[in-house]
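Going by the order they are written in, the chains are A, B, C, D, E, F, G, H, I and J; count residues from 1 in each one.
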Amino acid sequence: MSTKPSKDFETFPNPRPGREYLISIDTDEFTALCPVTGQPDFAKIFIDYIPEKLCVELKSLKLYLWSYRNEGAFHEDVTNRICDDLVSALEPLYIKVRGDFNIRGGVRTVVTVERDLRKKA
Amino acid sequence: MSTKPSKDFETFPNPRPGREYLISIDTDEFTALCPVTGQPDFAKIFIDYIPEKLCVELKSLKLYLWSYRNEGAFHEDVTNRICDDLVSALEPLYIKVRGDFNIRGGVRTVVTVERDLRKKA
Amino acid sequence: MSTKPSKDFETFPNPRPGREYLISIDTDEFTALCPVTGQPDFAKIFIDYIPEKLCVELKSLKLYLWSYRNEGAFHEDVTNRICDDLVSALEPLYIKVRGDFNIRGGVRTVVTVERDLRKKA
Amino acid sequence: MSTKPSKDFETFPNPRPGREYLISIDTDEFTALCPVTGQPDFAKIFIDYIPEKLCVELKSLKLYLWSYRNEGAFHEDVTNRICDDLVSALEPLYIKVRGDFNIRGGVRTVVTVERDLRKKA
Amino acid sequence: MSTKPSKDFETFPNPRPGREYLISIDTDEFTALCPVTGQPDFAKIFIDYIPEKLCVELKSLKLYLWSYRNEGAFHEDVTNRICDDLVSALEPLYIKVRGDFNIRGGVRTVVTVERDLRKKA
Amino acid sequence: MSTKPSKDFETFPNPRPGREYLISIDTDEFTALCPVTGQPDFAKIFIDYIPEKLCVELKSLKLYLWSYRNEGAFHEDVTNRICDDLVSALEPLYIKVRGDFNIRGGVRTVVTVERDLRKKA
Amino acid sequence: MSTKPSKDFETFPNPRPGREYLISIDTDEFTALCPVTGQPDFAKIFIDYIPEKLCVELKSLKLYLWSYRNEGAFHEDVTNRICDDLVSALEPLYIKVRGDFNIRGGVRTVVTVERDLRKKA
Amino acid sequence: MSTKPSKDFETFPNPRPGREYLISIDTDEFTALCPVTGQPDFAKIFIDYIPEKLCVELKSLKLYLWSYRNEGAFHEDVTNRICDDLVSALEPLYIKVRGDFNIRGGVRTVVTVERDLRKKA
Amino acid sequence: MSTKPSKDFETFPNPRPGREYLISIDTDEFTALCPVTGQPDFAKIFIDYIPEKLCVELKSLKLYLWSYRNEGAFHEDVTNRICDDLVSALEPLYIKVRGDFNIRGGVRTVVTVERDLRKKA
Amino acid sequence: MSTKPSKDFETFPNPRPGREYLISIDTDEFTALCPVTGQPDFAKIFIDYIPEKLCVELKSLKLYLWSYRNEGAFHEDVTNRICDDLVSALEPLYIKVRGDFNIRGGVRTVVTVERDLRKKA
């Protein structure tokens, strides 16, 4: 497996397909650049998902998050983007992504995006 | 952008219009004057909203909160006012504002205002 | 305003009549006498209410709680009484009062009384 | 009142019959003997109940819990027994008893028993 | 009773058959080997179940968890397996198993599996 | 023993005279009146002492602290007074009294008085 | 007493002159303006002192801290200034002032100034 | 080894004689009877010692603490007694025993006994 | 002032030269690359110093820490380097730098470097 | 580098020889077998050392701790042994090792070993 930052996820087959269970992943090692000032932003990222056929491989998730290190990213946008990229790669039954961004100007921001793909049918 | 206290909000377009997701903002840097005694009050402010077309720009939110610094404001009233001003500026789908005011006379007060504008239809 | 203990509340008009929002008040400065032994009891008091026409003025609430200082009061009874007295004075839409009494004989007691006056109609 | 361990409860009349409100009692001073090894077990006990006609007097509750001090008691059984004994004595509208037992062999056990006697009708 | 690691559970009869109550067990002493690298993994395990006819004996649960010590086990798989093995042995009315795995590469993973066997009927 | 508030302490003989060891007592159930406004003040009291011939009996300490309930007392003065009264009654080798008073006007005050009577010789 | 912001302290005579004891005061209600940007800064202030002849009256301390509300003040400077102003007003035996300033640019600053005036002799 | 309460300690040889190192043991499972009222008392016990030739075997320490279960014991006395019994059995270089007794009458008591046997020579 | 990462510090004159007082700065927004694997590392950095003639300007400190973002840096080395660079720029009387690095392989590392330049004379 | 458990440490040269600074390492992933019962024990291990010529490489430390996984080890002995093995490999100026072992029989044990090799001269 590569050890370079990458927007691609590696996946592996869900070991219990057909059962709805929850996988929760969190990290406090997310950093990107402010698209306006170019200065570093830091966040904690929390991901909850119910897999269908695929699970995300953890090291590739780490490389994915690393890929934002030198990119500009607005709080509201990047949280939605992480969610959508995971949906594309995993096609999970349900997913929630929360980005908890460090204080700027005395203000803390948390963005929470939730998609329930079971409702489609 | 101005760096003066101001009752006006700057906004930017919601990067994912059409999706209901939550933006949570909190600060422990709110201060106003007691309208009866003229002495300083301090509070933590917590804002949760689901944007429709617009998001609030964080620096202008900070300047907005700053604008109360030398104004008199009752706990119950100011929490409602922050909520209503954000509704006017953002027309969000949903908003909740909580003001958690410092102890006075051994008593702590928290005011919580919630408006769900999706129910209108 | 008086600065003597008093069973009367002062009130002020709800600044947003017609909107259901929550006012939460708590204090860890409640003390009364045990009606059996005459010895002091201590409690934390938590009040949540949705105002209709009136809000309780905080200083008068403090004087009200003070009025129990030299009275005997059973845990279960006094929590109900605080709730009922606030209902009489404020006629709120909803109220919850919680009394969290200090450990006696290795045992802690919490009494929670809730009244929803919106159900009457 | 006696100061000997006892399986009998003393009660007093509910000061607000006809109103559903919650009384919560907890202690970290419960100890019994392991029925297999005869060695001491320790637990925290949490009781929540909605009284109908009777409330439990706190000192007699303490003497009741004391009565297990030199008796053997399985975790699952004793938690159910405390619940049932309180139901017999108080005939409450609702009761929940939780026994949170100290770590044995690296494992902590919590047993939660809930009975809603309002459902009978 | 044996003191060797074992995949078999010992059980004892539920002392209150016919009543739905919750037994919660947790330990921070779970360790297995990473099936890819062969290196040790560590986790906290949380189990909640509603017994029907049988309860799990705690020491045998400890020996069961010990049996993973020198086995390879993926996070998602092992949490499901613990759940399924307990279902086979106890045939409970309901069970939830949560595996909270230590940080690897800056990322923490929690897997939660829940099975409600009351829904079958 | 009396159950009335009292400025007198009961004592009992130190069970290990000749050994310097520490007895630490704390309570969060101290209340007095503000000598200026007459309104209630609340504090936590922490006492550490090394006994010589006498130890303070705990119930009489509780009655002593109760005796301030309806007296006016400045923060700085009352903490010194508790210390001096215990010195008079116990003649300990060492004592420290700390009064940690609740927030008034946004400000918390802690007064710490320490007397080492071993230095006299 | 005035209720206006003021750089003057009111004092009262130390009730135990001749004894070295500690008075500790803290508040999380300090705010000033950044002298460079003019924007509000927030801090917690902690004061410890050993009085000689005078103690500071708490309400005047509150008015003193209030007086910085609309003044520019550097972190390092204002903490030294509070310390020096208290020394001028109280001539204490010892004083320590700590200013714990809110996060700016991801960085928190704490300034601690200590003066021991007993060393002069 | 016995599994009955016992005032005797089992010991084993210090694995590093000649080196001063610290062994710290604590439990929150100590209970005795109040010698005045006969009612149960509960405490946390903390032991720190530097061994010379012997270490205390943990199970025998547990049986020793168990032996107080149905004995009367004053707070100040029992803490000294545990310390002295360990000194007799282990002849350590240093020992500190702390008994942290549960709240009675709103008051918590902690007794700390320390003996440094290195000072004898 | 620049808003680019930079190894240069800006300084300003100490507002109280001649007095020894402590300035403490901490951030949880430090990230560098592992010099072996090239992957991101994260740390909290804590700085305490006693200024002599100069203080470090906070924004330039932030830009300095930012300058490590895309550099390789060993834990032990980078903590020493931050310390030495601050000594070169500020010539403080005393400085301590602590780097608290995130868990890798289940292991957390903290490096603490302290230099007292007052001892030179 | 190997990825097998090993009693050998890899080291690298201290990047700042001649300066006394502290390296602190901790892990909650230590497990060994009880030498009496053969059952698993778990501990947190804390290491502080001042390097002279060598630092321990973290991955080899992890492999070293792993090497105890299937060995019997008494609490007091293993903590001393980890300390002594690090001294042999690193010849540091100072080292402290603390082993904080999980609760067994209601009792927690912490063993602390400290060696200051600077005192030899």
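Just so it is clear, a residue touches a chain if its C-beta (ideal position, glycine included) is under 8 Å from a C-beta of that chain, and two chains touch if they have at least 3 such contacts.
Worth saying up front: this structure is predicted, and the values here are computed from it rather than measured.
Hopping across touching chains, the smallest step count from subunit D to subunit I is 2. If you take subunit A and subunit G together, the chains in touch with both are B, I. Bringing subunit H onto subunit I by least-squares fit of CA atoms involves turning it by 145°, to the nearest 5. Between A-I and D-J, more C-beta contact pairs are found at A-I.
Sharing over half of its contact pairs with B-G by residue number, the repeated interface among A-G, H-J or A-I is A-I. With centres taken as mean Cα positions, subunit H sits 56 Å from subunit B. Centre-to-centre, using mean CA coordinates, subunit A is 28 Å away from subunit E. Residues of subunit I in contact with two or more other chains: 28-29, 42, 102, 106. Contact annotation for chain pairs lists A-B, A-E, A-G, A-I, B-C, B-F, B-G, C-D, C-F, C-H, D-E, D-H, D-J, E-I, E-J, F-G, F-H, G-I, H-J, I-J, with touch applied as defined. By the touch criterion given at the top, residues 74, 76-77, 79-80, 104-115 of subunit B touch subunit C in their complex. Interface residues of subunit J facing subunit I in the complex, by the touch rule stated above, are 14-16, 19, 21-29, 51, 55, 58-59, 61-62.
Touching subunit H in their complex are the following residues of subunit D: 3, 28-29, 31, 37-40, 42, 66, 69-70, 102. The touching residues of subunit E, when paired with subunit I in their complex, are 42, 102-103, 106.
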